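Across the two complexes that follow, chain A remains constant while its partner is chain B and subsequently chain C.
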Partner chain A sequence: MRMDTEDLGPRLIKITLAGRLDTPGVDSIETRFLATLVPNGNSAVIDMSQVDFISSMGIRMLVSAARSLKVRQASLSLFGVQEQVSQILELVSIGQMIHVCASEAEAQSAVRSSVA
Partner chain B sequence: MAGREAVVRLPATMSGLAAGGETLRAFLDSVELDPARRYQLELAFDEIAGNIVRHGQPVSSVELVITIDDAEAVMTFDDDGVAFDPRTRSGTRLPAPGEPPQAGGLGLVLVRRYASRIEYGRTGQHHNRLTLAIPLK
Partner chain C sequence: MDDEIYSGTVRLDPSAMLGKPAPVEEIGHYLVLISAGQTSRRIQIGETAITIGRGQDQALVISDTSVSRHHARISIVDGEVVAEDLGSTNGTFVNGVRLKVPRKLVHGAAIKVGNHVLRYERRSKDDIRRKEALDRELADASAYVLSLLPEPISDGPIQTEWQFVPSTQLGGDAFGYFWLDQQTFVLFMIDVSGHGVGAAMHSVAVVDVLRQRALPDVNWRNPGQVLASLNNRFQMDRYHGMLFTMWYAVYDVSSRTLSYSAAGHHPAYLLTPGQGAVTPLGVKAMMVGATPDLTYPVESAAIQEGSVLYLFSDGAFEVTSAAGAQGTLNDFVPLIGASREPGAESDRLLRTVRQGARPGPLEDDCSILVATFA
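Presenting the complex of A and B:
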């Protein structure tokens, strides 16, 4: 699992994930993922276009981050979600906590407006 | 399709889990499967084997036997970890419409959603043996 970050401005980061958000994949990035976002209350737009699998561990990582960020007036949005991944995310109602968007522009707009 | 079978053995470590997943995916590449059904098989592996590695300690190894025919895939997990019957685990469910997502406990919920049957027993060698059947039609 690969994770790249890009600073988009005050308290907003773009995270690009590539690979599988399965148990080993999450294990390899979770600490860094949470450390990048939570301590400073950074909102994030997450590029999921190169993530071809997610299991409960990946869901847990995203939801835990979103919950911690909510307390810090920050939020997450995802974009570029692949079809099979999207079906799982829909099944667990992730959209109730994390914006799932069609494009990066929409994802940025969603997090900016939710913390405005 | 005549039955296809593979055996995946992995040490009960995170790197073993990663390698075991790759072995499983290589096998699934050789079988013609609907993408959604294939995803369910990969999901079952990650949820069950992942649970064993994370929660079954002390545990040294996991063996998966997977058999696929036209109707279903049968996955049998055998491990030497602490006794655990996942059928007895309750309390977590998928959120109802409008409810927020849960962070944890979704693994077995997802497996139960896709498996048509789940069987568990302890073997004579004091191993856990869990068998799932996942419909392919």
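Presenting the complex of A and C:
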């Protein structure tokens, strides 16, 4: 599992994930993922276009981050979600906690409006 | 002179300065037999060579026609582990290369004998002992979860049969059913995210709440209320970050209606006599524990005589094939009802799952529950 980060401005980060968000994948990035976002209450747009599988552990990581960010008035947006992953996210109604957007611009707009 | 120089000086025994020499780590050589979808077997390679074949005189007997009677031999030569083919029909392969002459093995080498794969491991014996102790604890925890699962029901208005195969790490699957009264039957399945004893403990805690009907002010006939109450009770910040998916249904015998809801769980499937396709019984809603005060929609289905309900965990379809392909729900659904074996459907489905899986134990708990409505 690969994770790259890029600062997009004050308290806004872009995270690009690549690989499988299953148990080994989550184990390899979860600490860094949460440490990047939660302590400073950074909102994030997450490029999911290179994630080809997500298990319940991957969902747990995203939900856990979203919960922690909510109390810090920050949020998460996903974009570029592949079809198979999208079906799973839809099944668990992830949209109730995390924005799922078609493009990066839309994802940035979603987190900015939820923080504002 | 030397005595004066050294007077008042503490002289140390070099061995004391270095401390006691570290005990030499005892290394063992092992073969791990990996069979498709089954728990691995570890065999120590000792001074006597391990012969492998279908013949009963072999040290490791593999009863499979893809394996010759005397197929291969693994032995220790000058401290190195060596594999050789014994003139087998289908050949012996090390890391995909067919053996023509004996070959030294390195840790992790995969030895293919017929349709079976053995992995060579060079490991500390202490490591192995720790691993075996951990495996025993996981096996105990698996047995405990298994003891909570209900007995199959072979007669009455609803008959049930099921399979439960915990992964080697133990996952968080659990399921159950019970009569609320003479007319009302409840079925449910949960799957806690993650693996290990922690996930299993959480699933046991949830099952216990359901078995004891320990949710205050809840109408157990209303799946939405049950899930909403469980969601508020099992918020992830109070339970070490645990989330779980759940499918919960209530069957009313007199009206032949099944009411159901789900929390992040894929659908159950209903096979109705005379209908070719199965019907998904699903609800899209958040996993239990993710965030408080969620609502869970309730749907219902009419149940005809002879209808069959299939309820299973994601371990039944999120299976990696020998070729490395990732299985999905869409791969599994066509298996439902195909070549149906009444009374042994869960067993047939599990066999099919195992046949499609890569060698080794299943990656996740696999639960399959089949309920037939009289």
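As a working rule, the second predicted complex is superposed on the first by the 116 of 116 C-alpha atoms of A that agree within 3 Å, B and C clash if a C-alpha of one lies under 4 Å from a C-alpha of the other, contacts with A are read in each partner's own complex, and residues count from 1 in each chain.
Criterion: a residue touches a chain if its C-beta (ideal position, glycine included) is under 8 Å from a C-beta of that chain, and two chains touch if they have at least 3 such contacts.
The model shown is predicted, which means the values in this text are computed figures rather than measured ones.
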Overlay on chain A: chain C relative to chain B, clash or fit: clash
First (chain B), second (chain C), both or neither touched by A:R60: both
Partner chain in contact with A:D27 - chain B first, chain C second, else both or neither: first
Per-residue touch tally on chain A - higher for chain B or for chain C: B
First, second, both or neither for A:L91, with chain B first and chain C second: both
Touching both chain B and chain C, residues of chain A: 23, 53, 55-57, 59-60, 63-64, 67, 84, 91-94, 96-97
For the chain C and chain A complex, residues of the former touching the latter: 191, 193-195, 236-237, 241, 243, 245, 264-266, 282, 284-287, 290-291, 294, 314, 318, 326, 328
For the chain B and chain A complex, residues of the former touching the latter: 14-15, 17-18, 21, 35-36, 39, 42-43, 46-47, 49-50, 53-54, 94-95, 97-107, 110, 113
Chain B partner contacts - residues on chain A that touch it in the complex: 20, 22-24, 27, 53, 55-57, 59-60, 63-64, 67, 83-84, 87-88, 91-94, 96-98
Of all residues in chain A, those that touch chain C in their complex: 23, 52-53, 55-57, 59-60, 63-64, 67, 84, 90-94, 96-97
